[in-house]
Amino acid sequence: MTVAPEDRAALLVEALPYIRQFQDAVVIVKYGGNALAGTGVSGAEGVGGAGEPAAAGGMDGPGAERAALASFAQDVVLLGSVGLRPVVVHGGGPQIGDLLGRLGMETEFRNGQRVTDAATLDVVRMVLVGKVNRDIVSAVNVHGPLAVGLSGEDANLITATAHTADLGYVGTVAHVDATIVERLLSERLIPVLATIGADAAGQAYNINADTVAGAVAEALGAEKLIFLTDVQGLRADPADETSLMHRVSAVELEGMVASGAAAGGMVPKAEACIRAVRNGVHRAHILDGRVPHALLLELFTDAGVGTMVLP
Amino acid sequence: MTVAPEDRAALLVEALPYIRQFQDAVVIVKYGGNALAGTGVSGAEGVGGAGEPAAAGGMDGPGAERAALASFAQDVVLLGSVGLRPVVVHGGGPQIGDLLGRLGMETEFRNGQRVTDAATLDVVRMVLVGKVNRDIVSAVNVHGPLAVGLSGEDANLITATAHTADLGYVGTVAHVDATIVERLLSERLIPVLATIGADAAGQAYNINADTVAGAVAEALGAEKLIFLTDVQGLRADPADETSLMHRVSAVELEGMVASGAAAGGMVPKAEACIRAVRNGVHRAHILDGRVPHALLLELFTDAGVGTMVLP
Amino acid sequence: MTVAPEDRAALLVEALPYIRQFQDAVVIVKYGGNALAGTGVSGAEGVGGAGEPAAAGGMDGPGAERAALASFAQDVVLLGSVGLRPVVVHGGGPQIGDLLGRLGMETEFRNGQRVTDAATLDVVRMVLVGKVNRDIVSAVNVHGPLAVGLSGEDANLITATAHTADLGYVGTVAHVDATIVERLLSERLIPVLATIGADAAGQAYNINADTVAGAVAEALGAEKLIFLTDVQGLRADPADETSLMHRVSAVELEGMVASGAAAGGMVPKAEACIRAVRNGVHRAHILDGRVPHALLLELFTDAGVGTMVLP
Amino acid sequence: MTVAPEDRAALLVEALPYIRQFQDAVVIVKYGGNALAGTGVSGAEGVGGAGEPAAAGGMDGPGAERAALASFAQDVVLLGSVGLRPVVVHGGGPQIGDLLGRLGMETEFRNGQRVTDAATLDVVRMVLVGKVNRDIVSAVNVHGPLAVGLSGEDANLITATAHTADLGYVGTVAHVDATIVERLLSERLIPVLATIGADAAGQAYNINADTVAGAVAEALGAEKLIFLTDVQGLRADPADETSLMHRVSAVELEGMVASGAAAGGMVPKAEACIRAVRNGVHRAHILDGRVPHALLLELFTDAGVGTMVLP
Amino acid sequence: MTVAPEDRAALLVEALPYIRQFQDAVVIVKYGGNALAGTGVSGAEGVGGAGEPAAAGGMDGPGAERAALASFAQDVVLLGSVGLRPVVVHGGGPQIGDLLGRLGMETEFRNGQRVTDAATLDVVRMVLVGKVNRDIVSAVNVHGPLAVGLSGEDANLITATAHTADLGYVGTVAHVDATIVERLLSERLIPVLATIGADAAGQAYNINADTVAGAVAEALGAEKLIFLTDVQGLRADPADETSLMHRVSAVELEGMVASGAAAGGMVPKAEACIRAVRNGVHRAHILDGRVPHALLLELFTDAGVGTMVLP
Amino acid sequence: MTVAPEDRAALLVEALPYIRQFQDAVVIVKYGGNALAGTGVSGAEGVGGAGEPAAAGGMDGPGAERAALASFAQDVVLLGSVGLRPVVVHGGGPQIGDLLGRLGMETEFRNGQRVTDAATLDVVRMVLVGKVNRDIVSAVNVHGPLAVGLSGEDANLITATAHTADLGYVGTVAHVDATIVERLLSERLIPVLATIGADAAGQAYNINADTVAGAVAEALGAEKLIFLTDVQGLRADPADETSLMHRVSAVELEGMVASGAAAGGMVPKAEACIRAVRNGVHRAHILDGRVPHALLLELFTDAGVGTMVLP
């Protein structure tokens, strides 16, 4: 890197006010199972175990995966170290599909949702809480005693109800009690949240991670809700690489969902963004998680990467 | 129940001073995987996934299992509600063996420890953190937003090192940083701890749950370390039901381990008790978890159930 | 006592939730001069020095008296030790009559109230503050540095006005400033209150202890107002031992006072109960103080002793 | 009063630095039973009920008594209002003798101490706690909700033991736990202390008020210990009015007690002064309580009234 | 001084309640440049550098000046030491005129205001902040580390705007943010304020010190606003020494300004008093600063010195 | 600026850990009078009014001066906004010389120190406190209510003694009481300190600003002491531009002063650096204040600008 001193100075003068502006700001970062896998079919990861079948091919192998996770963890730690309050929410669709496959358990999909019986739920929960969550916590904690893994069941963080009767233990968010998250944030710890919820009787449910990220952002009155995806962002024309939209209003985005311009795995993200910015979250972002340090560039430079959603 | 008013009054007069005495006292309760299963071979559960093969038979079935867990959860909640600070530490040997079996993964045992490669560790972690831990958290949270599941990886709670080179990712406790536990306790939450640790590089290890319970008790300066087992307690003669020892000193217990009077799964419990009472824990107890409400009877009545270990 | 372990466990499971429920709850206990004396004419003690002539006979002697006081003191200390906040309010009719007699001072009664001139008031105050109050404080403090004696004159706790012009220094409660009581409670001390009040000019008055207990309960927003009497409780038919009413509403109790079903010394208690439950006190109780540990049994078991008054 | 503005200004410039200097200073004021009576035999009042017989004659009548008490109360309130922390300790010898006389109870004196059986103690306690203490509290509280009456039995403030076997319930100070006094002071309340103590079994004792004042001053690390007497102060020659000593060291005072120059009721005062200034109390004072506002003049002007004792 | 003890006592009894009453009270004291100089033309000093030409003659010389300042500083320190919270606001007209003269800078006056260009402002600011303010701070700090000099530019304390276009950098108060003053007061420090303000662009302005004193008093919700002048107070007839008005209402004072009975330098003082007492300041005072310890006499004795303005 | 995203990301990854590392770090920045003037003779500015005559020529004019000050103020504000705690210490040699000249006051120099009589001191103080300090405060406060001007006289911050008898009111630092600075820092305010001190009698002294900066850094236990100069830094060979030393130890620097390699105005800076790093200040820096944003580049990038002094 051969950046001239005056350019370095200019970049610092550009970045420092953002650091000041976002001091103590809560930032919810949705990190998808596909992002964890380093790749995947566009928009597919958000629906997690409760959504579409996991993409089978195109893995870059465990090395690339680990490097991407390490880079993401470094960004999250850096955000925390300069005074922001990041919260990581994650899914784990591909990993769930993988273990179900190894156990020879077949599952049915209805409307893109995996029908989840008790045995399937056990597998989902083991993967999300016992595997994916742990991998993220470990990657963060290489930098210090910072991350604490949570499930929505902890301290009744996420109260769930059944999504529809025929999908079994696929749930929706009925209530978020973010007290435990706030306590951890006030201790400058980094909560990492697996998107399992429970009802009053203690029955667990699997919930779409994009939806949970939005609900938690609302409950915390977050400054930002950020989706790290494996696509470029939102395109005016999904097929046209040059049509990336840098800013979009909630109303426009609503139109794109209605018209089908935003489709597939982008729908729950879009809906979470719309709802969040209408309920007190300042800005929502759909970023290209494949760009190294996308979080830093979006937060601390004038030019962002991806699409920003405004109220 | 037809207890006369004067007996009721006498019992209250007996119990209330204990409640006063144990106000704010930290009590570590080791709850074994076999206790969860409602049965099991004597002393086998403590070694968890890192120890002996799980007992195959003698299950009372999922209904009895669930009732036992619910009763245990009620006791823990009651302890917390009257001012004590319980911490639950658990293993999960039978459940680990079960999933390994379903996945067709064979594991080798050396000196009673399961050789644990990366794939096995993934399974161990998924079961402990994603299954057993979750089941306990859910059972407690039926009573209120109280339990928070933890793994030793969270906020670097348990730093681990490899036990011996040939056992793979079987670890020992190198350091306990109980800060996160203390924070949760100060919020009157109930930590439920899965006994996975991590080294500085983020590599996870499976650790014997009895050892972890003792190390956490020490780190917290706990009032009590309680092992809920599926045996009667410590017997002078293991084969003689009438030889239950109500009190034993650390020195005597050391002798029993040396002489083989305490053997099998009782050894790590005995060693954890000895070390704990010599490092600031006031009393250690080995209780019969099959007695309903054993925790309440031990803590709040003059007559205990099981064996108390003194410095 | 030979209570089976399962019955002991059941009693603990019954009692602990009450302890949790009443955590930090303020409980006003009116302890009458007759209760101190271990016996007396039904309902007579509550009116204290300002009320009916003291009962002359039926004493069990100083030994029984002392034992009853010690048992009462133990209960109050136990309540405090498990997190409740007891406040003791007491009268002292028999003891006042006794000293007046020894001093050869004759007093007149009008409508059941003792006409109180300055000399009489001096005697009343010496007995209540310097004798009865001290005896209760001493009995409590055998268990630790807990009780602090108060008179309504301290820190202007009770502002009084003359009851009626012809009764002299018999007063009624004009205002309660419970600040000093709250401060002592916040230090986990046990206030013991003699029912003398003072007006703005510093003139002392003797006030009915039942009325003071109710007024203090209101001012503190107490959870419970408990009258420890030497009768069984409230009876539907005063002459019928089997007609004890376990629960009664404020409206019903009002009717009983109007109809004369509640009479004599029961009237100020009934009126204090009615007013208290209508002004924020959760429950009022009229208990049989002769039952050992009546307080514990009423507060911590499902079956109470005596009559509970509801709003 | 026709004081010139420049003299007024000079007096303020003189007084204000004392107010600053004594900010938050704890000042123990011993107020004797004779002072309450407005007169009395020199030095006799300090020994209280445990000492010499009460002076019979020379009363100025209740009006003068009340005025003197009101003036004293005003001074104490003024001290508190400008930031000092006064504590009043009082005896009550004349008043005790009076009630014993009215009750026809004869008591014997040995070495100037009243032999105190249980019945006598009851009278002593009633007078000190129920009469004298109350009168002082009332007089102070005319100015606001400030005074709180205490007995040494409250919150185990004064632990007593028997003085000598043959004096009955005449006690000496075994231990002072001034916590309750400190709590009241920290709330800017004015503790008024009757000098009854209790042993561990709850048995009450009557203790010399001068001794208690000294012990409390020590326990609180008081700035000043002040005896308000009905004499001019300490005289080099007791018979010579012009021999008032303005300052005396502990060593000199010790010599005066040994030589008999300080005698009678002055002895316990002198001993309390000596002990106090040797145990951390900064200054002790023996003042002429008959001078109006003696407390203010001693504390806030360069010229004092009476004798100051230095270490 | 030969004041009798009873007069001393009476004075203390008179003064102490004022000390209590003014505990923690914020008192703004305007100290004029002429007061600093020990003399000057009546009412001329208040308009500071922004007002009339400085009086040239009549100085008593530096010795008298220094003594007057030392006496004033002592009073301010004494106020602070007994619990009040004094804030000193000062002008510096004579001193500004002096330096301008030495630098040979001529300035024009319009309507009694000095036309202030950038060079003049530099001189004004140097004198007020670097000379007069420093002299007062030094005089106070002889008594301890108490005074902290402030300019209205510090922490945006005083936001100013131009008074009128033709006067240059003569400003008026647009906004007072008294946070920094409150912080210093809460640390028991004594703020000494030079009356320079700044606009949002950092441009400094010179502001009339009387006006600033009033605005700061309002912003702090001060108990008192006191002008120390070199006149006797407000006279009904300016020419008649015996016509001093001890009390005047805001309405009456308004009438006097309108009628010209209050004129010259008295006008901004009168207007500041009127506005202050109508905006929450309890009392405003115009005192004769030439009377030694005028502040103490006004605040702590029944008879004041000068004129008190009531709402 | 056309810096590639990956370079921007790399710069952020480089800068953020420094921001974390310096969180809450106290940084003393010495800003010289010459730096204010935008230029000047090498090393001359540090000696301030107490040192060498001011450089007369080479000014870039007021526009450049103002821009340099604005850029410096922006840097200081940015440091504060991302969590550091900057303290500005300044001299004012050229400005003092200027005003002395305008007033026609001639001053003598002995050993490079200006002989300072009372009249000269008044001018020095007016310039430092009333002019230079104000200019810096104003420049900072354009960004928000942040800066508070201080003189060493405020709250007895700097106690001074005469340097040598023949230099008049040229002082040295006898004691630093940094309490007021710590209070302002804890409120996230930016103290700007003029280097006037005072002795116990309130007499002011002018002190070399480099020395004051070092003494304040020590007293605060600062992380860094930074001299912003108008030279490149410390050169091994003062005449060789390419001989800039990036790091130097205290011992080496001591040698350079002894050998004359560091001379002139560099000497007090070097001595302040040496003493500071030996008394708890972590690092001292001599930077080229002419490089725009030198503070940011030194603190937040791997490559610094100027010379770092290590213990």
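So that you can tell them apart, the chains are marked A, B, C, D, E and F in the order they are listed, and the count of residues begins at 1 in each.
Here, contacts are C-beta pairs under 8 Å (C-beta built on N, C-alpha and C of every residue); 3 or more make two chains touch, one makes a residue touch a chain.
Being a predicted model, the structure only gives us computed values, none of them experimental.
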Next item on the list: Please identify each chain that touches subunit B as well as subunit E.
Entry: none
Margin query: Can you compute the centre-to-centre distance for subunit D and subunit F, using the mean CA position of each chain? Integer Å is fine.
Written below: 62
Checklist line | Rounded Å distance between subunit A and subunit D, as computed from the means of their C-alpha atoms | finding: 74
Checklist line | Centre-of-Cα separation between subunit F and subunit E, whole angstrom | finding: 35
Check: Of all residues in subunit E, which are in touch with two or more distinct other chains?
Finding: none
Check: Which word fits the touch map of the chains here: line, ring, star, complete or other?
Finding: ring
Checklist line | Neighbour-by-neighbour ring order, given that subunit E leads and subunit F comes next | finding: E, F, A, B, C, D
Check: In their shared complex, at which residues does subunit D touch subunit E?
Finding: 1, 3, 5-13, 15-17, 19-20, 74, 78, 81-83, 291-293, 296-297, 300-301, 303, 305
Next item on the list: Would you pull the subunit C residues touching subunit D in the complex into a rising list?
Entry: 99, 102-103, 122, 125-131, 133-134, 137-139, 141-142, 144-151, 153-157, 177, 179-180, 183, 187, 189, 196, 198, 200-204
